[in-house]
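In the two complexes that follow, chain A is the common piece, with chain B as its partner first and chain C second.
Take a look at the complex of A and B:
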């Protein structure tokens, strides 16, 4: 009897805690289904649920374009990071030479350089190159990622040498060994790296803010700032736009939670 | 390895190695080296060079100015205020986020029916972009109609202006930041809790230890390295928090949430004082570097012990 009571109390407690943590998102969801008149009604559920805010948000602002931008930029960066990190990580882990040792030391050093320090000179450089307001500016600077290279190097280093010796005997060069032996084994590590990179790029704020001026190039996050200052009073419309912008990462997280969790744990504790 | 190969295989290996390693190494390494040089190394060096320069007048090149920028940074009281605001902000975010996340991680550390659902809910804020997190709170914090003041009123407390008041704007932003980071910290702490060997709990149970005793003598000592590391990480992240401030207060009201990183942005893009902002960036870099080195050392030691 006591045990059952403890169980019930545990479930009540943990549910309350979970609800409290998700509450801000729920209130945003609730507001996004309200008409202008109900926005500041303190009830938890929308008094007269309506899809109007979504309609207005989508009509008034190119929300889908913003999402498309974020999606394009994050996907390109993720693909680039996966490719470059695998190639570089393989070379650093599997080809022994003073050059690769030096580059590995360099990569470790670059892990310590935060993007918040380089964004200003990077902006000046992008400006000088005439890349302001281009997808190039939003993607190219990030496809060689020190943390990605470091993680893939660690992974490839952990593979048993026997695998590569056997392939060597069959006459495979490094490029073939990378493609046919190392890469297939790296799928979980690559998945985690992809999740980490995608999320990180989607979350970028300061840099995309300064290298884009036109509305067409705005990423979803930056766009929210402009939507919220445009619609300071009609909070339902801002909330609707925010819910739309939240959906892609939310869905990705729900479907690939394992990859996200691994990616974050790998990227922080072992990096 | 070479010794165990049969001699015929050894010969075959030599025969079938037409290209030397360095060519492949070049192919694999050159793209990364070029990109890292152009977009990480060069800007870092540039930041340092700029910080010792003065803006050129009428479009002319920047000129060397010695420590001028740094002297100005340290002599202006507003920078001292920004430095303090950044530290104050991080000092609220770090403990709050760690407590919230540690509680969540502890609750889901043992399997039970439905644990997957709670895990998803506790980790959920990782999927919430900074901008959305900021928006999610603004209805809640509306001084006239938001729930925050409604809760205060029901407790018999005075309503607050939250983001609109100089004394509450920064702490409010810190609470939002801590909330947005709970998923991140909970993931790391859960990973840490899972590394504690189950047999330790088993053994202590046989010795008659109860849950609270186990918590203090097994969980806490063994999780404390992870706890320290995650605290450091959260502290680092809070020192560079920008999006939520840009979205909600723009450094205001009356510069009360003008943290260091926001000051850099302000000087570089509104006052057009890029070299001065570069000096501020270099100072931030040195602070973050110290914290990151601490983290590195710590990870190194932890791995060593394992």
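Take a look at the complex of A and C:
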């Protein structure tokens, strides 16, 4: 009996907590369906639901273009990270030499450097290369990810040596072993890495803002700032744009939920 | 084969013609920091300017909010290229911009182009004058106002004054407060969110400087002076009103404050003129809005301006600089200023705009527009109402807001402000030490 009671209380507790977390999102959803005069109406549901804010958000601001940019940039970075991380991770895990140990130490070292430290040097480098205001600036600096390399190296290291010995006896070289043996086994790790990278890139704000100038290259997060304002904000339109921008990630999360959770668990190994 | 050559030749020719045509126009980049409905108005301004002449093309680019814009510009300055010709920077970034050494003083450009800057309204001109020189163009300038719910005034039979000293304001707030039989407040007299800008303005309006060396206008400010009698009296009143259930407990949340006002839960709301449009839109037809001047302690001095200004950066060809300045000159045209004023709520910064037919008819439709302009016109012009000029203002504001909140929780106002002053002075001295002179 006590056990059941504890369980019920537990569920009530976490439901309350979940409601707290979801409340701001629901408020945003509710505000996004209100006209200007109803934004500050205290009711939870929109008193006179209207699609007007969505219409304004889509008409006045190129929200879809911003979304498209976010998709393109996030996808390119994710593909790049998967490629570089698996190749480098494989090399560091399966080729034993002082050089690979040294490189691995470098990767670990990079893990300890916070992004804020490299922000300005990275910007200056991109600026000198003349890449400001291009997709190159938005993608290339992020495709070599120390966390990705570390994750893949740890994963490849955990695969039994016998597999690779057998492949070698069949005459396979490193590329073949990577492609036919290691990669198929690494799908869960790769999936987790992809999910985390995609979300991380999607959420970037300051860097994309600083390296782009023209509206055509701006990503979704910047769009939100653009629709909002330091002075005089129309919250219904900001909310509508936020919902439009949130939807794709929300759907992606529902589909890839397991990959996300696994990714976070793997990331925790880093300590 | 021949045809193909011909086509190629034509293509080359037309390309050359195109580049020639473009070569006639100088491109000037302009970073702006306000999105949303004001951003739309900025884009519209630029579009109108570009089609009004055939020499200069302004390329307007949104650069994030005020803080982002400053950061983006600093990074580009550090890299030595990629910064814009013209950039919008908020009021409190003025000292930093001058210290950066990266800007062209507007007054120098004006002299060169024979543009008479004495046509500018003296208050905003005063604010952006540093070391005796006007540096930037007051672009979106605002000042704080008291917003009244007219229905609340009527139902409580309270007469609205054009301006209030602190004692009168406190009395009015108490009379506008409605409490039920159990003593619970059903309508607050005022909703006044904690924002450092309001303390700054209250001090200026009471004749008190915010930092030493006459608000940093006579010489570089080395100390803050916001722990003055005006700020103390103001915060003490806020503490009394909040504890007594006369002022809405909205903390530092400006949105919550507007929310309280719009829903009729508070009779007075305090905000910048820049919010006139937003507040009117949010209230809809629920009640008429009336506006009064910002309060003061005993004797009215005048408020300083807030908002942002446009800066011209160094390091461009003369043609580009001239192009940038012609844009600025165009913005100061009374017709441009009139439209900008009516579409945003910011006040015109050049004299004579209020006399134009467009603005007069706009004002007759919405009397509240006049309040801000009248408040500006009737302000005394001195170093106090010029506003404090110092570095590290953004950080210092956070200390002042914290002090405000501590006072509401029960700390004596003088003590809280003194403590904030110690932190602020340290920040200011740190900033001053980094500025090589």
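In this text, the second predicted complex is superposed on the first by the 250 of 271 C-alpha atoms of A that agree within 3 Å, B and C clash if a C-alpha of one lies under 4 Å from a C-alpha of the other, contacts with A are read in each partner's own complex, and residues count from 1 in each chain.
We take it that a residue touches a chain if its C-beta (ideal position, glycine included) is under 8 Å from a C-beta of that chain, and two chains touch if they have at least 3 such contacts.
In this text the structure is predicted, and so the values were computed from the model without any measurement.
Chemist: In the superposition on chain A, see if there is space for chain B and chain C together, and answer fit or clash.
Modeler: Pair status: clash.
Chemist: Tell me which partner A:235 touches in the superposition: chain B (first), chain C (second), both or neither.
Modeler: Both chain B and chain C are touched by A:235.
Chemist: Applying the touch criterion given at the start, work out whether A:184 contacts chain B, chain C, both or neither, answering first, second, both or neither.
Modeler: neither
Chemist: If we overlay the two complexes on their shared chain A, which of chain B and chain C does A:160 touch? Say first, second, both or neither.
Modeler: Neither chain B nor chain C is touched by A:160.
Chemist: Applying the touch criterion given at the start, work out whether A:24 contacts chain B, chain C, both or neither, answering first, second, both or neither.
Modeler: After superposing on A, A:24 lies in contact with chain B but is clear of chain C.
Chemist: Touching A:132 in the superposition: chain B (first), chain C (second), both, neither?
Modeler: So A:132 only meets chain C here.
Chemist: Looking only at contacts as defined up top, I'd like to know whether chain B or chain C touches more of chain A.
Modeler: On the superposition, B touches more of the residues of chain A.
Chemist: Is A:214 in contact with chain B, with chain C, with both, or with neither (first, second, both, neither)?
Modeler: Once the two structures are laid over each other on A, A:214 reaches chain C alone.
Chemist: Under the stated touch criterion, which partner chain does A:36 make contact with: chain B (first), chain C (second), both, or neither?
Modeler: Only chain C is touched by A:36; chain B is not.
Chemist: Let me test your reading of the model: by the given contact rule, A:100 touches which partner, first (chain B), second (chain C), both or neither?
Modeler: first
Chemist: Based on the superposition described at the top, state which of 129-137, 219-227 or 255-263 belonging to chain C clashes with chain B.
Modeler: Stretch clashing with the third chain: 255-263.
Chemist: Check chain A for residues that touch chain B in one structure and chain C in the other, and list them.
Modeler: Residues common to the chain A contacts of chain C and of chain B are 39-42, 120, 123-124, 206, 209-210, 222, 225, 228, 235, 238, listed in rising order.
Chemist: Inside the complex, what are the residues of chain B that reach chain A?
Modeler: Listed in rising order, the residues of chain B that touch chain A are 1, 5, 9, 12-13, 15-19, 21-22, 24-25, 27-29, 31-33, 35-36, 38-44, 46-47, 50, 100, 103-104, 107, 112, 114, 118, 120-140, 142, 144-145, 147, 150, 179, 182, 184, 187-188, 191-192, 226, 229-230, 233, 240, 242-243, 246-247, 261, 264-265, 268-269, 274, 277-278, 281-282, 284-285, 288-289, 292-293, 296, 299.
Chemist: Flag every residue of chain A that touches chain B in the complex, lowest number first.
Modeler: The contact residues of chain A facing chain B are 10-11, 13-14, 17-18, 21-25, 27-28, 31, 39-42, 84, 87-88, 90-92, 95, 97, 99-100, 103, 106-107, 110-114, 116-118, 120-125, 140-144, 146, 149, 161, 165, 168-171, 173-175, 178, 199, 202-203, 205-206, 209-210, 220-222, 224-225, 228, 235, 238-239, 242, 245-246, 249-250, 252-254, 257, 260-261, 264-265, 268-271.
Chemist: Within their complex, state which residues of chain C touch chain A.
Modeler: Chain C residues touching chain A: 29, 31, 33-40, 61-66, 68, 71-72, 75-76, 78-82, 90, 140, 142, 255, 258-259, 262-263, 272, 274-275, 277-278, 281-286, 307, 344-345.
Chemist: What part of chain A is in contact with chain C in the complex they form?
Modeler: Against chain C, chain A makes touches at 36-42, 60, 120, 123-124, 127-128, 132, 206, 209-210, 213-215, 218, 222, 225-235, 237-238.
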